[in-house]
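Worksheet: the structure to be examined is printed underneath.
Think of it as A, B, C and D in the order they're written, each chain with its own count starting at 1.
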């Protein structure tokens, strides 16, 4: 019966949430990770380390394995081999998506996915950490500081005056920000951001860049992006993925003159500036 | 057990043959009067008297005897109520052509209710068949010689043994030789000489025909002589083992044929449901249309030719209706796959009622062509022809569909749209047209399946409903949008069902299969062969 | 009048409740205290038919909760409806006692007839009304929970889920058809005499049952309305529109699903339990997959994801059926089928959607 | 949410109320209810009966109606849905105020409407052979009871065909189960051994008969003459007979005698492979009789199709209808109680000779005929009871109902379920 109760508890109170331990300055470890879909190796012996508070950009041609990597970190895909650790202690391969989300890893999808029939505020409230407990689901009364948190984030993503509007009628860019805002509501340590500026106007891009930069430091941020201009505007460290492997790593200026990298991109047939 | 229908077909041939047999004989051709006299007695006679009369008729060497007895066995022998003339009716309609029984001259049409049929019952019928058959022992056609021996098996009389022995010496056909020896052994089995009886019992081991197994059983139980009983029992053991083996083979065959029916019902759905993501609740009704098309073709074509014509026709009819449905309703619902379920459900109601209003709610009788009726021997196993044909048909349809999807331009476009509608459009595929054609294809196959079903079950307004649930199960089990999946799923569900049936009974077997399906989907949430692409997102 | 905000804001709901109240009061008066020859008199026939509609409406509401809000198209909800019905039916059977055809004090007629020597274990306890009532909730709930728990955890979704829900109800139908099951086979449970000592033939009992149905519908509606107004409701919408998003926000999607699915099944069970004494028979036909599909269609016709729409749809479609099967028995299926097609094609948001469009236009 | 909502819903409410409020219009006609499924699985069998009743009403009106009034048919469609049967019955009796109802086919539909007819004191004529074990004040059973169909058929097989081994195959519902129980008891009483009886039940609409037919084949190959007694229902028959034909089981090997296969069912089957299989009924279309010829002619002109067949339930309605006419004329009123009392003892000639008589237990006296299927889908009578058999509501071969009788004429009993031992009347739904 108690088992049943614990199952009924939508939040799984019984899955303890331990604080992440990043004492060595590294927040995320991916080591010798390999995953293949019916024969094809999407990720091939990939190793990657994300520092605490670092803002890292990951670039690479289509099919380089960027999204698959995010799936692995967030528990959507289980790798065939390899280790994935959050801080020193937490083995992400042992956890499912909700628990991973709750220990402080937020993920933004390629396509902006906000809950369109709900208002901006409701979207943020939904994402609020701690909101997932069953009792909180039924007795949805916001405490003072929860309200403050929501409005803080609202300012941060610059949607203050849109709080009451339906997410569905927001502009494309605004949706992207709202989704980032939802991640922030989770009080995450690590943000995984997939193509945040796809289809944005230069102005929107600029604001997005600001937003992400402002997040770095207090959070670790991993951005997957094609747009080199945008990457240049935010990233100190850039990793190039190719065929599921790390091809090169370093400052963007250096990479852009790296013959291997150029070869890959030209080989991939995409014209990047 | 011999296939009756083949046997009947044989008899009619035999009639003509007897004519030839009797013609040359210059012997005083029994005058028509004697024959008429005998026949006249038939009218008032009760069944036992009729039996005696049949004997006498066979005795007469009148050229028409065989024809008349035949007509009698098939209850086509009549009296014209007022003229009390004895006639033979041709055909089964309300109005039939008649000919004089004795002279054979045609007498034109007559309304059946004005005729008095000379009644026969089963006993009489089998008597006549045996009598006629036994005459066929000398026939040139091995089919009829076989029939003759089998007729003898059904009522083995010692006095007939001599004729069989004579035949055995000259018989060329090996199968018939064996049968003859068995028949003779059967006579010995009831003989007085214990040694011969034991010998016979031994010889009869392994024969599965009831006509032989029956007496053997009796011998094993009741024979006065212990040795004979012993021999009979060992012989029986042999028979039983054979029966068991056959039993397993049979079950497997049943499973395959049930599976092939499921596949036929499902692959059309695998196209519309799988490739297009349309949950077509009217699929069953499209099969129904196919079945009705078969019935219609049989209205103006001889049964034997109707099916080959019905198949393409059914395909056409169902496909056209399908395209109409797609153009008229479904195309407004893309992106709302679950709504297609609701709309097509409405359509299925309409189609059902339409059929009820047009053809009446009564079932339609679809005849089975001769080349599909009866049984044939696959090695030692006797299987029903129509099931065999349907298995073959299923394979053919499947291959054709597969080729259509793999080898043709349309197939390519279909798969393209299934994978990525937007991209396909960008590549210049006219997806609207493709959708219409795909749906037409799926529906057409449903129609074709209907033709097959018309050979197995009711052709009526409810035909569709009885299969729709099963076909969805098959598609989902196999993995939406995967033809091979549907194939494997159909076969395995069919075989599983038939393997369970013997010990669990029909209903429980079906329930178990359903439960298994539910559990299986837990393990493989996207069926046997999951597929990517639009359909997978339904 | 003090109303919680979630109800106050829901005007359609208020109207519905008002109508139910009117019915709950009006129908009994018109049936019991108006002389039969008076034009306003409601015959027992009308009362039972209306009662039936209300039960169907409750079933529709329960479906709308899982389909409209959580996005699970269930094609097996009739199973829970029927199970609830059987639970009460078993109680009613036990109430017959020795008044059966064969006059056996314990065994129902069909068991005597199949020469069963004693009551199968699963029939015990159903002679207590309380127990039966409990089972009306527990049996459908339990089945739904176990089924949902496994299905959702292994992430069965979309048509696969729809089809196995269909498989579930289909299997149950076949099972209940078997006489060996001990539920009366094809004839099901019938020839009921009385409920808690009140004769089911009496107008009074009918009226009470009708009022209970009205109350149950109102209660069911309020429960669902309240639920979807809580944060839970918004989670359901999130799950419907983007399951992954909900998951990456840290929600245990499969648990929420299982929970709501179970709740909905219980509502369906109650509907079934109220349905049986009013129509006077429960048999395996109620499990037929087609029934489930039809119930889903009521919701679609009214407008999914609105709860009120489900009620309107259920009442309207069934009223249409009652009327058409009498008015044009030969061709009513054309009308019904046509209705389904036009609504799904022309009114993606159902009648409610139509009304809302009117509003906007006005 | 919306402003127009109130209007809409109140309209719905009004509409719903209209349901009952519509009063039956002026009673210048006598209304006759027809309660047969016109859609759903049973439409196949029941639609014909609907037409039959319409034909009979039509004819009666041509003869000047009844008690100087015209008859008016009220047709409803219970759509093969059992609860709907009860609802429609109530509609007919309460809303349309019909004087009598002709309807139902399946046992479950009858069971479903029974309480309604007893509560509202209506009259139902039930035209189908059924399992017995019932006799209601308000129902007249014009079809055969088990003793008017099953037992004689078995006798024929036993005595005339020398059958020693029996397969009792049926659809899994109450009629086959009762019939088979009665037959089993009867056969055992005749000294048939247990292992010479094989009982098999299949679900409704069972369509894959391969295994079962081959089992029957095996069962029949034990060297004893074997017969199948089939209580397989409606839809399942076609695939069953097709499979018989295909596996080469002809009537001369293993005859099948069916109780629910008549001319109408056969019209949906290719009967050539079935010649010689049997059916037991109380009426066959093929029977030569003035009344029958007239009836068939009338049917063909009414339905405008010379190919349409007549069958046993149609005759049952024909007899029932005419008996009701006589009873009403006798009672000079359509008042249920008067008519019900008048019904008992009414006589009307069968279409196949002899006179049917309504017995105190609301069943009929009938001739029992056994016919062999012919290639043209008709039956040839090969055996027939010397005289009429009175319908027995409560079988003497079932332990439960041995000492139960039904008698609605005897004022001392007036009960459909009277235990002659305990002198108790039980299981009645009326005062």
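Here are some notes:
The working rule: contacts are C-beta pairs under 8 Å (C-beta built on N, C-alpha and C of every residue); 3 or more make two chains touch, one makes a residue touch a chain.
Since the model is a prediction, treat every value here as computed from it, not as a measurement.
Touching subunit A and subunit B at once are the following chains: C.
The most distant chain from subunit D, with centres taken as the mean of CA atoms, is A. Interface comparison, B-D against B-C: more C-beta pairs in contact at B-D. Centre-to-centre separation between subunit C and subunit D, using Cα means, comes to 33 Å. Computed centre separation for the pair subunit A/subunit C is 44 angstrom, with centres defined by C-alpha atoms.
Annotation for subunit A: no residues touch two or more other chains. Touching of two or more other chains is recorded for residues 38-39, 172, 201, 203 of subunit D. Among the residues of subunit C, those touching two or more other chains are numbered 174, 177-178, 330, 333. Under the stated contact rule, the graph of chain-to-chain touches falls outside the line, ring, star and complete shapes.
Residue ranges of subunit C in contact with subunit B, taken from their complex: 73, 147, 150-151, 154-160, 162-164, 166-168, 170-171, 174-175, 177-178, 289-290, 293-294, 296-297, 300, 330-331, 333-334, 336-341, 343-345, 348.
Residues 1-5, 47, 74-76, 92-94, 112-113, 117, 119, 121-123, 125-126, 129, 208-210, 213-218, 243, 247, 250-251, 254, 257-258, 261, 352-353, 356, 360-368, 373-375, 384-387, 455-462, 466, 498, 501-502, 505-507, 510 of subunit B are the ones that touch subunit D when the two sit in their complex.
Taken together, the subunit C residues at the contact with subunit D in this complex read 10-13, 15-16, 19, 22-23, 30, 39-50, 52-53, 98-103, 109-110, 112-115, 174, 177-179, 185-188, 190-193, 201, 279-281, 283, 285, 306, 308, 312, 315-316, 319, 322-323, 325-326, 329-330, 332-333, 351-352, 355-356, 358-359, 362. If you check the complex, the residues on subunit D that touch subunit B are 38-41, 43-44, 47-48, 160-161, 172, 201-203, 205-208, 210-212, 214, 217-218, 220-224, 235, 238-239, 242-243, 245-253, 255, 264-265, 267-273, 275-276, 288, 293, 306-307, 372, 374-377, 380-382. Looking at the complex, you find that subunit D touches subunit C at residues 1-6, 8-10, 12-13, 15-17, 19-21, 23, 38-39, 75-79, 81-84, 86-88, 90-91, 94-95, 106-108, 111-112, 114-116, 119, 133-134, 172-174, 177-178, 201, 203-204, 399-401, 417, 419, 424, 426-427, 429.
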